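For clarity, chains are labelled A, B and C in written order, and residue numbers in each chain start from 1.
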Amino acid sequence: MRYLIEPFGSPFMQRALAEALLLGAVAAVVSVFVVLRRLAFVSDVLTHTVFPGVVIGFVVAGTGGIVWGALVFAVLSAVLITVLAARSRVTEDASMAIVLTGFFAVGVVLVSRQTSFTSDLTAFLFGRILTVDRQQLVMTAVLGAAVLLLLGLLGKELLFRAFDPAGAEARGYRVLVLDLVLNLAVALVVVAAVRAVGTVLVIALLVVPGAAGRLLSDRLAGIALVAVGTALLAGWLGLVASWQASVNHELRLASGATVVLVLVLLYGAAAGIAALRKVRT
Amino acid sequence: MSEPLLVFDHASLAYGRTTAVEDVHGAVLSGQSVALIGPNGAGKSTLLRSVLGLVDVVAGRIEVLGTTPVRARREVAYVPQVDTLDAQFPVSVRQVVLMGRYRDVGWLRRPSPRDRAIADEALDAVGLAARREDRFGMLSGGQQQRVLLARAIAQQPRLLLLDEPFNGVDAVSQQALLAALRRLRDGGAAVVVSTHDLALAHLACDEVCLLNKHQVAFGPTDETLTPHLLRAAYGGQALELAGDNVIVAR
Amino acid sequence: MGLRGVAVAVAAGAIALLACAPGGGEQRPDSGAALDVVATTPVLADFVRNVGGDRVHLVQILKPGVDPHDYEASPADIQAIADADLVVENGVGLEAAWLDDTVAAADYHGQVVDGSRGVTILAGTGEESRDPHIWHDPANARIMVGDIAAALAAKDPAGTAGAERNAAGYDAKLAALDVENKAAIGTIPATQRKLVTNHDAFGYYCARYGITFVGSIIPSFDTSAELSGNEVSDLVAEIRRTGVRAVFSESSLPPKTAETVAREAGVQVVEGEDTLYADGLGPVGSPGGTYLSAERHNTATIVKALGGRV
């Protein structure tokens, strides 16, 4: 037990933990919807389209500008994706893939024009959770609160649309607007995650918790509970593993990536439990 | 008193540039039920959606509950086909029926105890109160259809639109559906139900609207479900048997 | 109901977390030695060891072969800085991409010794204004050692005498290295004193010993940029034009591009065991394990490849 607590004696580890837990919990709630609406690919597209915003924000206003650049592109992307998905039913995958790669390439090109950029690039892609400061924590909390508020207020309508889009439309709900809201929620999580786990790894937080929850529960509340629990556990254990490996075994395990790895392992455990249940019934 | 809850006044419906259904003309009165009959692709779903204000009316007019389809939406309930839904979705039967109350609950608010009571009553009306906590997808097709009807009932509508609710539905569920529909009509609501089942139409509906991209006929069931008119609607797909019996292919 | 409850619990937990998350400094444990010093680069670490000796408990952040321009600090690194009495950096922007954030995260408010204080900084060839690879000129190394000795003495007055003695001894060795280098490079035919390296790390070395820097595979002081097609052919043309005999790869970068350019230009590529130590040192016990041995290795390799006598 001491093994699991001792990493968090220092402030930087405490901040990293706070960030991981905050981000994980919010992303987990969103991931429930992502899984129910089968938005994993759309979410992946959003992680790539936010990236050029990160770069532009950095170029214009330094590290402080990252979140604002990301925010602008998050909103733009959410709108673009929603419109694209509504229009092209058959070739939805293709047009999304084009948007994904196009935006991401723009970001990479912009980055490559800066000479001293690789370490910042890897920071944007994979995060630097150990150097999260108080200000970033507050930003994560604010964005997280906005997301939870959005989902909380519109939860029942989002559920209705997810379950029965035709019925929702017949009832007079604008499916396009509801979809935009959800895509925006995903995009905001990506923005919140940029500094901590980066745009490449955040997709794991947006998909795996919900997927694990779906494996273990048939009720919405149950799924959400498992999702949040999994994300919190992964954040905690991932940081423990990364710290213990570094401090006691001189083994480098990038912290953000280790959290994601633990998350995936937990999913594996959930799959195992689900399979056992099936066998026993 | 029998007031017209739904009026088609030589209405033609189109998706963008393509006209889907032409010249629909007739009325559905309070307490009445009308069967919408025609081959696949005849425009039955389109007609139902136009009553909801989701399809453009390019000629003539549709009047719902004395006003436009969009304005009347609050009191119009739509029951889609069950197979459009994801059977794995993690909602309970009760939660599905409660969805019928959402519009009345409004944005940003939660369903009240009264809403839940209405939902439970509606579920009772289709005979599935016992399955309340089960996951929706665990029910049979017919039972799921009844749940969707309950959802519509929970809306407390004055006009009810059903899209082929009897497809592949077992006898028990069919009876339950018919019973619930009858109770709604007794309460003054009007019902429009699209179906392929001619026997059912004879049994449960006062009037029939025969469609095949245009209106073939709209009148009392006995007068409309004649071999002659059915052949006109179904083309070569109607087969006449002895006497007045006609089988139609889908 | 359920979903909302979960969301509320999450929100409550988040608020609680935020309230508890600390902003700043706590107490540091002690290693037992008189001074806990953290040095960023292997070269600096070597200097600190030589000057501080037993009185210093040293943690070296960048291990051999690791790129100093682009580094993600590990928990152990941050912990070490948090516990340190003194942090020593190279300065001139070498660690700019990561050190400030790391020091902030560690809540370290002590002194960060700038090893480049007093060193004349050379301007760059590319867009960057200041070349950080100051240590390849032994004269600069002597200044850096002086800075370190002063800082150690200030922090640990009881060890001043020892530090000064060590520094003086090491300074003599650096002076000797400088003389050796001059002599060795003197044996290279004058027309051959031209250098093409993997990245632009030898500016100070070339300036000190009168070597012409023809160009580098990566046209910048740090390791992030890539040569465009034009730049590669320009470099190859330049190599042919100036008659440079060899292209040198280095220990912390993959040799592929250097090999390619050398092949195109028809000249030798110096790699493998003969790789230059450009951004740091080699593992302990290897030819590049200490500053002195690494610099000697660099000079010997360059001189041999360019036709001098070693």
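Quick note on the criterion: a contact is a pair of C-beta atoms (placed from the backbone, for glycine too) under 8 Å apart; a residue touches a chain by one contact, two chains touch by 3 or more.
Computed from a predicted model, the values in this text were never measured in an experiment.
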Q) Using the mean of all protein Cα atoms as the middle point, what chain has its own Cα mean nearest that point? A) A
Q: Report the chain whose mean Cα position is at the greatest distance from that of chain A.
A: B
Q. How many angstrom between the C-alpha centroids of chain C and chain B?
A. 77
(Q) With centres defined as the mean C-alpha position, give me the chain A-chain C separation in Å. (A) 36
Q) Just how far, in Å, is the C-alpha centre of chain B from the one of chain A? A) 42
Q) What parts of chain A, by residue number, touch at least two of the other chains? A) 219-220, 222
Q | Interface hub residues of chain C, defined as touching at least two other chains | A | 4
Q) For chain B, what residues touch not just one other chain but two or more? A) 110
Q) Can you name the residues of chain A that touch chain B in the complex? A) 36, 153-154, 156-157, 159-160, 162-164, 166-167, 169-172, 214, 217-220, 222-223
Q) Which chain A residues qualify as touching chain C in the complex? A) 7, 10-15, 18, 21-22, 25-26, 29, 32, 112, 115-123, 128, 130-134, 137-138, 141, 144-145, 148, 151-152, 155, 219-222, 224-225, 228, 242-243, 246-247, 250, 252, 254-255
Q | Residues of chain B that touch chain A when the two form their complex | A | 49, 52, 54, 70, 73-74, 78, 80, 84-86, 89-92, 95-96, 99, 102-103, 105, 107-108, 110-111, 135, 148, 151
Q: Under the touch definition given earlier, write down the residues of chain C that touch chain A in their complex.
A: 1-7, 10-11, 13-15, 17-18, 20-26, 69-79, 82, 96-98, 101-102, 104-107, 126-128, 220, 222-226
